[in-house]
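Below you will find the structure I want to go over with you.
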Amino acid sequence: MSKLMFSSDYMEGAHPRIIEKLMQINFDKNSGYGMDDYCQSAKEKIRKACECEDAQVHFLVGGTQANKVVITSFLQHYEGVVSADSGHIAVHEAGAIENSGHKVLTIKNNNGKLMAEDVRDFVKGFYQDETCDHMVFPGMVYISHPTETGTLYTLSELEALRKVCDEYNMHFFMDGARLGYGLVASDTDVTLADIARLCDVFYIGGTKVGAFFGEAVVISRPNKVKHFFTSMKQNGALLAKGWLLGVQFDTLFTDDLYMNISKNAIECAYMLKQGLLDKGYTLFADSSTNQQFVIVTNDKLKELREKVVFNVWEKVDEDHTAIRFVTSWATTKEQVSQLLSYL
Amino acid sequence: MSKLMFSSDYMEGAHPRIIEKLMQINFDKNSGYGMDDYCQSAKEKIRKACECEDAQVHFLVGGTQANKVVITSFLQHYEGVVSADSGHIAVHEAGAIENSGHKVLTIKNNNGKLMAEDVRDFVKGFYQDETCDHMVFPGMVYISHPTETGTLYTLSELEALRKVCDEYNMHFFMDGARLGYGLVASDTDVTLADIARLCDVFYIGGTKVGAFFGEAVVISRPNKVKHFFTSMKQNGALLAKGWLLGVQFDTLFTDDLYMNISKNAIECAYMLKQGLLDKGYTLFADSSTNQQFVIVTNDKLKELREKVVFNVWEKVDEDHTAIRFVTSWATTKEQVSQLLSYL
Amino acid sequence: MSKLMFSSDYMEGAHPRIIEKLMQINFDKNSGYGMDDYCQSAKEKIRKACECEDAQVHFLVGGTQANKVVITSFLQHYEGVVSADSGHIAVHEAGAIENSGHKVLTIKNNNGKLMAEDVRDFVKGFYQDETCDHMVFPGMVYISHPTETGTLYTLSELEALRKVCDEYNMHFFMDGARLGYGLVASDTDVTLADIARLCDVFYIGGTKVGAFFGEAVVISRPNKVKHFFTSMKQNGALLAKGWLLGVQFDTLFTDDLYMNISKNAIECAYMLKQGLLDKGYTLFADSSTNQQFVIVTNDKLKELREKVVFNVWEKVDEDHTAIRFVTSWATTKEQVSQLLSYL
Amino acid sequence: MSKLMFSSDYMEGAHPRIIEKLMQINFDKNSGYGMDDYCQSAKEKIRKACECEDAQVHFLVGGTQANKVVITSFLQHYEGVVSADSGHIAVHEAGAIENSGHKVLTIKNNNGKLMAEDVRDFVKGFYQDETCDHMVFPGMVYISHPTETGTLYTLSELEALRKVCDEYNMHFFMDGARLGYGLVASDTDVTLADIARLCDVFYIGGTKVGAFFGEAVVISRPNKVKHFFTSMKQNGALLAKGWLLGVQFDTLFTDDLYMNISKNAIECAYMLKQGLLDKGYTLFADSSTNQQFVIVTNDKLKELREKVVFNVWEKVDEDHTAIRFVTSWATTKEQVSQLLSYL
């Protein structure tokens, strides 16, 4: 019997409606590099969903790629990007940002998040330093929403970050690899339109939310960058069959599919969370999205590993370990029940 | 009525067997980043097809990306890559190689190809120059097979290039974005095993030959690079759902599918070529692969544009223009017949 | 007896007035990084000499460094720099520009020079190409004055280059490593003020014209770059004791010293040139600056090598070779006489 | 009356013996790029002083430049450099290392130093992390000696760092911008030969210790890098008149001049330190080198600023501030006396 897998949200293929559409048009001939009708339609729908008519939308294949292309395109060579020390670009992208010539300027995270006051202290301190011309200028603020630990920014936190970006003339960029799961969380007060209004650029993750692959980069403030298309090409990030991305996002943004399938992940996560609490487990972090963190004894850890694939997050003490379970748009309630039965 | 499209070989989706397989496993849960069984199986089949048991195989998404990751991984910072001046990396990749810090050292092409004697003259001249320490060291030879103009290297030409690479301690890299179409050309004497034996690294193009997307990078000489996986990640080139690439190449390398579907493109191209010759057209270049180049009058050009999408290659004289038609694994004989009827 | 040396213009130290000044202030304490009074004074004098009150002036140590810092500072990541194929940045800087991420876009030189019409053809062709978004944007035109082969641009040639830069929104950059020798050539109609008026940025070479080392970068059009100081630091090009550069340029731009000592090199070069013509030698190139190129028989070449250090430029035919002699601000008439006596 | 300056150790020119030598040979003609006799002689003397016959020695102009060229030359593209968070490369080099594509992996400093056990924990943790292939490989350990806060490593601390470098196959690099002042400190047990034996590469600072400018990079373990000369050129770091560096280091390494003049700085620093203690001041850090840190009241700070130039280091509490005084090879006892009279 194969193990139950709760280790990530990119283990399944794509939503059936996407597959259906791809099959249907498989032998049509489309123009390359995103110059096709599906991309145009998807962009229009995304602009509408973002309530931002002027937004430029570009489709990329994956998250690290999106981070690298966006950051490189927005920053000047003397600028770096401010990130929480737990930010994906600071930890798990093999130095992709530095490889493009830019320093990641890290600030201690607060429950996975970057707080506006910490950013202001950092940037204010930078400009007050007489030697700041010998240092890397903070040119952009990078956040993930949901964060790497499943937490969410509140609307007022995002507004506060926007404010500090305005004060110090920095771009504001949101990594939305798991954006769907954030938008439908029960306790969020942040909408897609809010994000488009507050950020200069962000992306709507498809890879982890119903697509085979793909991230829709939305540049919501016009005239912020030039030749983004060429930057994509220069980074080897321009998909020849761009219409594959167009079809996927066009489907996801038809009939609210993106939001609806996101809800499934959240429902499964909440069912899991409640089940854990009911069984008396202690949560390691209080996440309202599709990543759930729980503390188990090392004996339980060992036992679970026989039946389930999950992530060891960190050691809590000699006898206890925090572990992570991840649900997705494709997780079933049956799978969650079975997982709970092992716990 | 929509126009006939003969402008590229990446306008259709994927071979039906690939779609079938993707559908079948859509809700299975797979490990990410190429750590799944499909990738392992595909790698094994590719090693066998290359007759090279020790080869490392890595799956990337597209051609420019493959060129960038391979070249960056193999070169030291003081080295550049030798290419024909018509090479894709020298012209149409938006400076992706220079963006990674390396100069493309161009040599005049000979019918789209890089000739061993020209490379030797160049590299010998480099080392004879007393000031060579002030210049970029030639660290790799890059060729495309088929070339950007549809031509093919002969086995002896490849052997000669290998020889000069050995003489001057350079890596030998083949861009095989259209490799299938070269392997099944009627007049080639070069096999996949030859390529694996002669090159240090090359890739087998999937994007243009039956896959939705994907290039299989084969490092056929062991111990040539370290941490290629990390280089992929650093370039934003590591697909989260790596098994999508595994499934595609596993299917293409089952029952000779890759070769068989390549043949269709070649048959269509030859049918087109013969038809053009029969009608008295002059070919612009003598290609034995899936790109065909023909000279038309400017009047004909204008007329054709009403009905067909193709590429204007270059102006031949005041009254004539060379144009390019491209066939693919998915082109039908009916489409070729119709095209010929317009000519 | 040691050999006569005519192989470069950077073999001697500095003009005695510079040494005198450095000795005089040796134990004074100066602020670092160019924040001293000598730098301010030198900048003011250079602005006056350039008849350009708004010019930003920065002092760098050497030519390749100046090229690298200037080009990196002015270009966006999707841009390259247009250069003659004989340009120093294209040949003899070990890929310094590519190492910073930018392609050098070469055009065939015309007697060492880049002609405006050739640049226009190239850039016009670029923008007419439908695939230009897949290519490197021409963002700057780089020229050397005098060129690598000692030739000079006329005022109308520079004006024509300025015009094409305006037409296509490119920066215009002049490498003036040997600028002094160009400004005092007998047949030039180009003044320092012309250069400041026509270029966006250029540098006045000190290393080859009387200084121990140093190049004064003049950004003559305001608001063209931001944080040039930080770019210098980032490239390891910010001299801690910046006042060493300030003192040198302050001295060179006092009492016309820069122009006066440049004249000595030119007089020596002309004496040599006339002597060669009188002896019946054929010049390889007609240079009016401090580099002189002459054709000698291979026997003569061999004989000369016993007594003189010079550069072999290129093979002319089986029996003849072009060689280069270089004079400098420090060359004496006696040394030229002696050289002529060997020829 | 001009202020007393105690703000850095690069405010004066060069030791008189260097000036004398430069004057003496000013009109001699020397080969460029370090191919002269002075460089050869200086290299030989440095090898002897380091007791390392096989060492490669290269002369660079400044510290940031040396750090950039060394780190770039030694690291592969997937590697970063481990540094204390207070390391110069991590803070005050405007992102020079990231600009070359490499991440600086920071570890909390211990009194300005990087402790072997902390490095081991970090690197061990890296390799134990299952996702380490998604992260930047630690390829080098960078330390400054003396550190940015004037502290010194003990011999056993350096040996422990060497050990962890051996365990994890990392290069060991010492930034010796102020090396002289470390070597002659009264409480050090580390010699130049120890450093050459333990490090793979380090540099002997000249800019701050008696030279106009210059850092002697010593690669004490053979076959560690290839084409360092070309790396210098590529970074714009190859001085045309390399003999200027040769003369300076040849002079500094004749008759123990480097050590002797370093001692003057240390004697002045100790005189200052003792004077401060005698007057009842509290030291902010206990430095045995040429940087001295003391705590003053804000009133005193304000008063001192009228008469002395020094550095504000950090705020200690509402009423007190830590400040830094720096002595150099050129500081006189009179200057120290005068400074003490103000305190």
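Lettered A, B, C and D in written order, each chain numbered from 1.
The rule we apply is simple: a contact is a pair of C-beta atoms (placed from the backbone, for glycine too) under 8 Å apart; a residue touches a chain by one contact, two chains touch by 3 or more.
If you're wondering where the values come from, they're calculated on a predicted model, not measured in any experiment.
Asker: Could you work out which chain's C-alpha centre is the most distant one from the centre of chain A?
Answerer: The chain lying farthest from chain A is C.
Asker: If you tally contacting C-beta pairs, which comes out ahead, B-C or B-D? Let me know.
Answerer: So, comparing the two chain pairs, more contacts are at B-C.
Asker: What whole-number Å value describes the gap between the mean CA coordinates of chain B and chain C?
Answerer: The computed centroid separation for chain B versus chain C comes out at 42 Å.
Asker: Just curious, how far off is chain C from chain A if you go by their C-alpha centres, in Å?
Answerer: Distance between chain centres, rounded to whole Å: 50 Å.
Asker: If you average the Cα atoms of chain B and of chain D to get two centres, how far apart are those centres in Å?
Answerer: 50
Asker: Considering chain A alone, which of its residues make contact with at least two other chains?
Answerer: Residues 77-78, 93-95, 99, 101, 133-135, 230-231, 233-234 of chain A touch two or more partner chains.
Asker: Across the complex, what residues on chain C touch chain A?
Answerer: The contact residues of chain C facing chain A are 72-73, 76-78, 101, 133-135, 137, 226-227, 229-231, 233-234.
Asker: Help me check something: in the complex, which residues belonging to chain A touch chain B?
Answerer: My answer: residues 5, 7-8, 10-14, 16, 19, 22-23, 25-32, 61-69, 93-96, 99, 207-208, 212-213, 230-231, 233-241, 244, 330.
Asker: Considering only the defined contacts, which chain A positions touch chain D in the complex?
Answerer: By the definition above, chain A touches chain D via 77-78, 80, 91-95, 98-104, 131, 133-136.
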